[in-house]
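Labels for the chains are A, B, C, D, E, F and G, by order of writing; each one numbers its residues from 1.
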């Protein structure tokens, strides 16, 4: 299972990076989105896939369903998802503002400050 | 103005959505959910309202400034970590009280719950700030 | 010692204040500091003469071996006397030279700070401390050379002097550190006792070379000499002080100081004599073709410094004595000439070329006398101290005929320079339009004292030799030497050589137009000289710098990402290979059909996201990726994750839809080639990540902390949903940070959309 | 046993209807006809699976939530279809070539405007 | 120790929340920001006093024993970083009170600044790898906004690259965390150190270490990962530039130091060798990039890169002395760099430009400002006896003792070029007469001007003081380095309760 | 009255959600619902309507609706399999008697869920509902079918 | 029996999900894609609920409810985008 997911992770990272290298601001955002999916899936996979029940203690029986999944990677991913949502939202606004101010969404043209 | 069908549907969906959001918040400690998803739901309810009517209408409905809600939520979350300090415990140590209910049961009230409420408010405020500002952009 | 040094530094610090408080007498008041130092030094003279150095030590940075260790021995004393004595005269001179100048206070500050630093160099007994003062002299000289900061030449010269001397300083630093490590101590005096150990050390040659480069740059040895003539942009008091009598001698001092530790080897002799002699000659020859007063003097300074290094390189007792004597002689006559030159320029309204000067003897009789006195000493003519020194010098080189020959040629050039500065401007007819007056009182004291000194020293050369030269020479040799200086040594070979030198010098005086002509014709050669090399180096560094900037900072995000990703892939790949690839495949659970199908779907959706001409198709495909993630989360027991992922996915789409009203569709494509390269890089990155994950999977996990969470979630934290308990209790701090991120992201989005610069640039 | 059969039946019906729905979405000729499939069949399909689940668990909690799911779908699916339909129509998405009649176009009244 | 280590996080957050709640009152926000900064500094000093003798202040947030909860652990390196952050906070908040325009304050400058500091402090105190990631995101997000706040074109252009590359770094960071967790089953850095030390995971650990190296390398601005820096740092208002230049890259460096002394010490030949090579290239590339610039603030910004090279050089050499040098360099650089940016801001305030060609004549007009500049500039270049000298000296000695000749040569050469750059600014801005007369834009009264300069004076005094009191400073750094080189003390302190 | 009903419904909804039907949860749900409603209807007038009369109508309508729903799925299944050219889709306008927002909305929704028809939009004057139909053999027949079948039943229920 | 049926249903749903994705990709118009994504969301709900049955755990239902609600809001947002003439 992990082998398959490892490939998916690779595709997500690769796809994200490829998009980040494009010229449109929106593609940059989408690339970041793919990248963050890749990172989350990586934590999930590397953190130990335990195909099992939710890590929730049953109210009636006070036990976990068959072998509960590792809760910690889940918590980490939750945090990471939220953070990347926040950052993506901000980046979106930033790019919108950049387009309005600079009059272009071509990343290649936004090079006034480098040299 | 948008479609009356949407507006009507929104009116009827809005209260259940809010209720659902509080449900998700309060049950989060024991079942899937929690302050974050709860806040997102509450925010979605207002977002739907803003889509169906307008951002201004949704703001009116909300009554508080979204940034105030956010800051207040953050304050709540921060303050929830303070009480244990008075008992000589570390910051954010879960502190629980038994609260008798009218019906005779007992409810566990703890600082983690308060913390989660803070999260809920922050998420609500944040989501709405984003939606309203983007929605009002010309 | 430390107290006096501190007083000097404090005097420097308060100089601007003093100038502000007493604009007319600041110099007079501040001269107290060097005078106090001078007095103290003279008081120590008997002790030092008898070979009892004065020491004083305070801790500073124990861990680095840096201590405020000072030691006054014969060598230090000789230099310290010169520095404080001439320093005092210069400060007085400044009072007149900068009369009414608004920045006189600053000048006083710099020059006194310089003096204090220079004193530090010669008094310090700790390698690091020496270096600290050494660098301070470079820095203060930068400020002094660039004092006329509105002139571009002055700024360039200041920079050049600083770069060259600091460059040398850096070599020196490395050498000093290696030296300390080789001997196990930072104390100079202790190192001098471990010379044998040091010379046998494997790092001896590097140390020697590094120290030499440091000393050579500071003391303007060939081929680093070029900065010194350029440094004549400095106001004359500074030139007189720094570039004749003190700073440039720091290198010579250092070599002399370290002679017992580093000297006496073949390497030492070869390096020092070669470079020293070359410098001596180059300086002298270059001087022949100059007509600007200060440059003329500067080249002879270069030459004199070369002589000192050469004498030190020879390393015999006699040559060491000669060198010590010559240091003294040079300080006196050169400072005098500089001060007079400054006076001339000052009083003639800025005239600097000797060929445009003449007949000043009437207007400036006093200066004329001083100049003549110094010129005689410079020419090595009887009965000046210059003559005494020259005699000792020639005597020391008896067994080095080539060096004697060089000395004769160089000495002849000195005669010419003495004539050009001490004679020519004052004799003949005053060119039309030239107006001059005598210098004010404060500017007379210095030249007078120093000029007379050239002869007083000569007539008292016996006691002076015993009191000053002998302790210094003994310190250099690390052995007790007896010095008997005499004004008249009888008619002998040495005197004959001296005479010949003077005669040739006189011949040179007549040939001066010829030299000027040759210099004019050879001027073109300058572009192969060291100065041009310096300029070339500097400009190549700058060219390379801007090339690098253009090449690396293209401003195109793609390039940056490419480089970043490539570097990462390369390093991860390298470490993968270093780890020996995969050792084994373990811990891989069997693939279930549904996970495989969802995976395939995710891959396809990712491709659709990437390869799309429509932004909404791209976004919606990304949504499919997100939904698939949620499905995977569901399959692997993560309801909270699935829920959050789904909600977030949709909200992201909503936000994007809101923003898309205001954003254009995809319109900028890249060339096929670009896309191919990007794709290759992206694939490389993907493969690297995949390999990393696969490699990680065959590592056995020890008991993870999460077992604790499963056990304690309800018992200790009152929650059944372990994930939520982790979020709000076990790792609540993470969540606090997370909601902070959310908060500011919203705050930022709001601010960004609502706060606009006053003048919004119109979109194209 | 009966319960198991019921559950299985509902799940299978749900699965099949989903297949039918996407088959419609894939095969039908224009947006509007596709929406018929998505809205009706999709809703019924997911409802069937929900009912199957409700029967499977058979407790009040799950049932109440199941009812909620179905209710939400019944309310939202037609509204969503309406929103997309009118948006598509206004944005000029063309009807299938064999569409017989378009009274909306002939009446020329496009309802309330969006602001 | 139930409170002190968490205060550096709580105090700025509380300040930020209050600022947000009172967002309508500019005065109140200013007062809050300054007060919060002072409290931060005070806390940091207390922590420093507490840890000065080698004890490590440990606190388990939520009272969960390590490695189960998030443990905050403050050692000497952390506390010195906290103090520096506090100093910077005070300086920048005071400076901003004078320098910043109303709209920027109204739209949340102070809360953002405080939250940035919260993230920075969090990164310094945390002993948990994922928590470190969270603090990184906190400070990054805050920095994104601070960078773009105001919405001027250069700011936005710079932000794009800044955001993109830093998020790329975050993705690498997350990947590293995920793999490390899968490998070790823990996120507590002390526990991680134990696991890495015990297990036979050499190869994989090295691969993960490389991921962290790249992730932190981007944030630290190392070669060849620094491109976002010159593009973005010179664009926002001076106060923001100062804050960024002083702190942000240093957090990356801090993290590099932390993980490469605590966790990834398994293959120093390869890993620290790579770091050392990176350090050399960073120095060189950065200083060359600066040499090509003719804009005051840009020169300073690009110089950050080259300074980072020095700081990281100590880590690459990986000897106690070298790390001591790194610690001193960190302290020195934060102080001096910030100050130079503040001075640049003052120049801009006076003349309305950073362009070296347009500026001039300030040596005559503003001797005070000139002194402030030249002292910091020379300190940066390593002129003795200022702070920079001791920092470089320590590193050079360490390099020579380690017989890493090449890196020493590079370090020395780069310091010469640094000197060149600093004197270039000096010559163009201060010495050279202004090519066209620039009006004095500054309407400040002398008293206000003095108050405005106060933070700069403070920093200048500090850089001199570090030189004068180099003895105690060095001892402190050496002890801090000792703690880093022998992390067992840290590990025991963190896991002490659990065993 | 209506408001009260809605409020009770919400409190029941809450109880269902929490899974614990008790006085406590109902009260909490009522309070929450109250707040939610006050947000929505700050001062809207209540409408008089008999609640119990409607119960039977509701049940009847529900059954009818369920049947329609199932049939509509079946129809789509057949349409998907059938060759495409046999379809006769079209857009037609239906004059409606429904007046209030709720009536219009429910009508439109139910039309969408019943076989072969899909609501697209309501005209500006709220008099015409435009629908897309899969089989428009005769537009007037379709109009009549909807008006007499669906709309009539619905309005009976609601009025 | 249920254990036997669940995987089959699951497969059917996954295939449906994939098919919906195909429509997202091929479009051709933006509304087509939106309808397809909405369909995909509906199928995700079905998938999650089926997983509940299969795993015997009801904890995933809130996730299903979430998506049922949220996908509606998303669709509305996109529909409004389309009707305001937003380009694809």
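Brief remarks on what is shown
In the analysis below, a residue touches a chain if its C-beta (ideal position, glycine included) is under 8 Å from a C-beta of that chain, and two chains touch if they have at least 3 such contacts.
Note that the coordinates shown come from a computational prediction; the quantities given were computed from them, not determined experimentally.
Shared contact partners of subunit B and subunit G comprise A, C, D.
Of all chains, the one whose Cα centroid sits at the greatest distance from that of subunit A is C. Each of B-F and D-G has its own count of C-beta contacts, and the greater count is at D-G.
Chain E has the Cα centre that lies closest to the mean of all protein Cα atoms in view. At the far end from subunit G, in terms of centres built from Cα atoms, lies C.
In this assembly, the C-alpha centroid of subunit B lies 31 Å from the C-alpha centroid of subunit D.
Centre-to-centre spacing of subunit A and subunit E amounts to 28 Å, using the average Cα coordinate of each chain. The distance from the centre of subunit A to the centre of subunit G, with each centre set as the mean of the Cα atoms, comes to 20 Å. Subunit C and subunit E have Cα centroids separated by 26 Å.
Of all residues in subunit D, those touching 2 or more other chains are 21, 23, 35, 43, 45, 61, 65, 68, 75-77, 79, 82-83, 86, 111-112, 114, listed in ascending order. In subunit B, the residues that touch at least two other chains are 2-6, 9, 13, 20, 30-33, 36-37, 41, 44, 47, 67, 70-71, 74, 78, 81, 91-92, 94, 126, 130, 133-134, 137. The multi-chain contact residues of subunit G, meaning those touching 2 or more other chains, are 15, 30, 34, 36, 55, 59-60, 62-63, 65-66, 69-70, 73, 76-78, 80-81, 84. Pairwise chain contacts present here: A-B, A-C, A-E, A-G, B-C, B-D, B-E, B-F, B-G, C-E, C-G, D-F, D-G [touch as defined].
Remark: subunit E residues 130, 133-134, 137, 140-141, 144-145, 148, 151-154, 156-161, 163-164, 167-168, 170-171, 174-175, 177-179, 181-183, 187, 227, 230-232, 234-235, 292 touch subunit A in the complex.
For subunit B in complex with subunit C, the residues that touch the partner chain are 28-37, 40-41, 43-44, 47, 66-67, 70-71, 73-74, 77-78, 81, 91-92, 94, 96, 108, 110, 112-113, 115-116, 118-119, 122-123, 125-127, 129-131, 133-135, 137. Considering their complex, residues 13, 16-17, 19, 21, 69-70, 72-73, 76-77, 79-80, 84-85, 87-93, 105, 108-113, 115-116, 118-125, 128, 130, 132, 134, 136, 139 of subunit F touch subunit D.
Residue ranges of subunit D in contact with subunit F, taken from their complex: 17, 20-21, 23-24, 27-30, 32-33, 35-37, 39-41, 43-45, 60-61, 64-65, 67-68, 74-75, 77-79, 81-82, 85-86, 89, 95-96, 98-105, 107, 109-112. Within the complex formed with subunit G, the subunit B residues making contact are 2, 6, 13, 17, 20, 24, 31-33, 37, 41, 44, 47-48, 51-52.
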